[in-house]
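Shared chain: chain A. Partners: chain B in the first complex, chain C in the second.
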Partner chain A sequence: MGCFCSYVPEEILVAGNILPVRVLGSHEPQNVTEPYLFGMYCPFCRDVLAQGLKGRYDYLDGITLSQSCLHIRQSFIAWREHVEVPFNYYIYMPNKVQTKAATPYLKTEFEKYKAHVEEVVGKELTDDDLDRGIAALNRNRELMHKVYEYRKGDTPMLTGLEAMYMTVSGMWVDKDEHSAEMEKVLEQLPDRQMIRDTGTRLLVVGSENDDTAFIDMVESVGATVVVDDHCTGTRWFWNSVETGDDRINSIADRYIKRPPCPTKDWEERWRFPHILQLCKDFNVEGAIVIQQKFCDPHECDIMPLRKTFDEANIPSLFLEFDVTVPIGQFKVRVEAFLEMFGVDDLF
Partner chain B sequence: MAEKEFWRWKEYNWHDENIDWHGCDAITAGVDVGSVSSQAVILVDGKLYAFATTRTGSDSPKSAQKAMDWALEDTGMTLDDIHYKVGTGYGRVNVPFADRAITEIACHARGGNFMYGNSVRTILDMGGQDCKAIHCDERGKVTNFLMNDKCAAGTGRGMEVFANLLSVPIEDIGELSFQVEKEPEPVSSTCVVFAKTEASALLRKGWPKNKVIAAYCNAMAHRVVTLLERIGVEKDFAITGGIGKNIGVVRRIEKELGITALKADGDTQTAGALGAALFGKALLEKSRK
Partner chain C sequence: MQYKSEALKCWDKAKELRDKYYSDYATAHERGGIRWTGGAWSFDAIPYGLGDDVYPLTGEPYAASIAFMKDFSIECLEATEAKGWARDLCSYMRNYWGSMYLNKWAFGGPFPKADFAWQDHICCTHGKWDQHVAEYEKIPYFCIDVSVGPYQDIDEPKLKYVVDQMHEGIEFLEKATGREYDDEKLIQAVNNECRLTSTWAEICLLNKHKPAPLDEKSMYSLYVFGTLSKAKKEFADFYEEIRDEMKDRIERGIAALPEERCRLISDTQPPWAFLKVFRYLEKFGAVSVGSLYTFALVGIWEDKPDGTWGPRTTPAQAGIKIETRDQALRILADWNLSKPEWQHFYDPTIKTRMMKRIYDEWDLDGVMLHLNRGCEGLSCGIMENHYGLTQDDVPVMSFEGNMGDSREFDEARTMDRIDSFMERLDLKKIS
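Showing the complex of A and B:
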């Protein structure tokens, strides 16, 4: 099942023995989406749709959108219209999560989604099935947390690039298989010898980001990404489902209370204290704030977010991402940013 | 017959004949391989001794070598006499003889601090293909910066294209831009190609060249002021890079900002290489401790 947002309740899919697959882009130039998306829609939603139009997700049996922003919704709608796929479903995930009505409302929407999944798989999902789905996701999240713990020390035991491979692969691979691999990794991490300098400890925060070439570049010029706030990273896995008798309600509550996407982070900004806590816990020295070009929800957050960093004495660098990232242009900006932390030897 | 190259700015070298470098304690050099121009600066015990400024070719290592060779010309000094060499600019990692590479952002801040004095807090580097607005402290250490994105408007290369279009030597553009009865509206300030198309239309419409030049200088100034406003301008303010020599753009920036830029004591185009050479001196001293 192709998932168009990290708000799709994977627990319900796993309960139905369906493999959730996050639909991401390829970071390659393309020329197939122009008829379907406005020019000022973000490069990520454009890249996502291009993959569908080019047949790169032809193995999908269905697609699901959980409402987040208008841009990715348009990609979903265009996909539904122009790419052959047997099943599709649009979950009316509320943007107003900061209200008591949010969880009961989402519960009813997830009940409807459960019925859709039952139709897809041709059988009823029992409480046992849901428990299995919840357990698989919770175990996976817990293991990712454990791996992230190894990034907190003076010498992070894995790079930001490796962490990105871990989280993004977790969005595609069977949860139990992914968890089994992480358990093997966790056995080896304590004894791992890191033969690189940690350099400046960075947080990367912002729009969807699975750009491994970018993270690799950043970590090649004297820095380590020690933590992130992305929907392909911590925002996706940070909190677990607190199990209760009403499984669907518990799942809905988890998605309402997770670290929010900025589309849902109002009227208060719940995300900022959470990000500052990440900075504290992971001993972050600087932040790279990234935004997919034209990503309005994140764009609205940039000014107050950078102000929040300023007030916490955490220098930040802003970069605007496109389908293809100009590594050379970004490299000079990142290097100059890192020089701000360590140029005392130059004076 | 070859077409006249109106864009060609002055390539030259210089050295101070009053300095005897023999037996000096610290000889350091900075080489700035930019997208359009390359500079080499040699310092002798922290004093400016020699420099060269030349066009960057298609090969960064050769451009670095050419600038360095030219700075060394007639000095009796060889590359081996230089104790520490720093590469900067977009080709910084391709300076074959460099001991270290440092970004042009840090180097322009440090070079601007040396060139304009330690009261400088905002430096606008108007380079060949990008613009940088840099905040720095009293030592010339970068405290914040912003670069233009995805567009060469407001850069030296844009001005070169314009000089050729109008068949006006690039060094005359600044003066000529003020020889207009009334300041015209700016042409497109977001794209060099659109600006060129717009200027061609204005010429066909009968606008005198000076008026078109004024419209372009105005556009370039407006473009970089929007960049500066995003980061804020803290006094004192100075401009480095090749466009720093173009009074048509500089004065319009000053007018739009309501701030007078500090006057340079030296060639603004060499600020990056100068900063690199100054960092070279600090690194040399650290390495000897």
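Showing the complex of A and C:
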């Protein structure tokens, strides 16, 4: 099942023995989306649609959107309209996660989604099935947390690039297989010898980001990405389902309480204290703030977020991403940014 | 054929009411009143339960007024950019924020600070717009999420989600203002809103007549009351006057454009600094009889028994007496969730169907689509609309622009596109 956005309740899919697949882009220039998506929307959502139009996800049996921003919604609709796929489903995920009405409402939306999944697989999902789905996701999340723990020390035991491969592959691979691999990794991590300098410890934060070439470049010029706040990283796996008798309610509550996408982060700001806590826990020295061009949700947060970083004495660098990123130019900017960490104050 | 034409009689009153709205807001505190800021789609009926001296400032029409004042608008946009905000954000929001940062009220004097912010959320920008206003002005903020899906799918849990937030909102209002809430005033406001928005649909319906009594450019000056405060009695009464004047114009054969020979419609907000586009169309005898935006942002509609689109029957017309707070809120939520302009946030094919319907029922010759870089909300799915309408054999002209940032509008290019569209429709300049 192709998942548009990280708010799709994968627990329900796994309960139905369906493989959730996060639909991501390919970072290649393309010219197929113009008739369906106006150029003022983010490059990520256009890249995603391009994959559908080019038939690169032709193995999907269905697609699901869990409502978040307007941009990715259009990729879903255009996919539904112009790419042949047997099933499609739109979950009206609430945007106000801060109201007490949100979980009860989302519970009803997830119940409808469960009925849809039952139709897709042709059988009823029992509590045992749901428990299995919840357990698979929770185990996977817990293991990712354990791996992230190894990034907290003076010498992070894995790079930001490796962490990105880990989280993004978790969005595609069967959860149990992925968890089994992570268990093996966890056995090896304590004895791992890192043959690289850690350099400056960075947080990456912002719009959707699965740009491995970019992270690789950053880590090649004297830095290590020790933690992130991305929907392809911590925002996706950070919290677990707290199981109660009403499984669907518990799942709904998990998605309401997870670290929010900025489009759902109002009236209060829940994101920023969480991000500052990540900085503290992972001993972050600087932040790279990434924004996909035209990404309104993040554009609305970047100014106040950078102010928050300033107030916490965390220097930040802002970079705007397109489908392909100008690695050479960004390298110069990242190097200049990193230079400030090596210089002691004269006064 | 040349029709008779004459100026609108309601014009002066429209101007007077609009000026009064803004001056009432600016001077509210002098009279001990309350002012709030928010959006054109905020549930403005609810704060009216705080008293008769509650004055709203809705961000979009205020920003549209700024956009119309080209030089001041550039000043505001630059002030927002100077703070570091991206240039591609909603241009209404950028105009509004700029006016706030500069502490300059578009109508003279300092920018009047609100007592609280009261928003609703369907577009990604809404919740964030007033989050920033509230932080900047240090005022309390409440926002109601209405993004529960198209009206055809509304069921009890969806309605309840919205209504529950409204109840929370009333608690917020009492806390933010220290006033006791009056349900009777809420009930009156809900009835006013239903009356105003249904009457506006009636006015739009009258534009089916050939020649059209109203053109789109004039409509902008009238529809605005439904965006300033749709629950205000004075405005609901005024819409009934406008409707009567339209009927009278039709009876007397008065046209908005004496040379009407081609009827068009547009979709979203116009480029406010370049309303002359509509005057240019007139040179070809083409009149824009409205837009999905003016019809559907303020008007509330329903399917009539004969299958046509018409004004939604109000609770009062249906003999429903609203008696409790909860009933009022449920009616208000249900009424707004049927707002046509909200439907296509979820699915552009709904907008395509609505535009095709207007094209057929208003007997039009073509459709103009504004690829509006200033509004991520209403441009959402616009390429699908282009595709869908073209598939349905509707002549479509698209033009790129920005409702609130005149720097992003290429006037000469748009006029060229109009020329070729007119040529496609076999129309030549009259003079």
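FYI, the second predicted complex is superposed on the first by the 342 of 347 C-alpha atoms of A that agree within 3 Å, B and C clash if a C-alpha of one lies under 4 Å from a C-alpha of the other, contacts with A are read in each partner's own complex, and residues count from 1 in each chain.
The criterion applied here is as follows: a contact is a pair of C-beta atoms (placed from the backbone, for glycine too) under 8 Å apart; a residue touches a chain by one contact, two chains touch by 3 or more.
Just so you know, these numbers come straight off a predicted model, no measurement behind them.
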First (chain B), second (chain C), both or neither touched by A:P262: second
Touched partner set for A:R333, first chain B, second chain C, both or neither: first
Partner chain in contact with A:P304 - chain B first, chain C second, else both or neither: second
Touching partner for A:S169 - first (chain B), second (chain C), both, neither: neither
Touched partner set for A:Q277, first chain B, second chain C, both or neither: neither
First (chain B), second (chain C), both or neither touched by A:T126: neither
Contact residues common to both interfaces of chain A (with chain B and with chain C): none
Chain B residues within the chain A interface of the complex: 90, 102-106, 110, 130, 139-143, 145, 147, 149-150, 279, 282-283, 286
Of chain A, residues touching chain C in the complex: 34-38, 40-41, 67, 69-71, 73-74, 77-78, 81, 90, 92, 94-96, 99-102, 104-105, 108-109, 262-264, 266-267, 269, 291, 293-294, 296-297, 299-304, 306
Complex interface listing, chain C residues touching chain A: 83-86, 88-90, 121, 123-125, 127-129, 131-132, 134-135, 141-145, 147-149, 157-158, 160-161, 164-165, 168, 345-349, 371, 373, 376-377, 379-384, 387
Residue numbers on chain A that touch chain B, as the complex places them: 320, 326, 328-329, 332-333, 335-336, 339-340, 343, 345-347
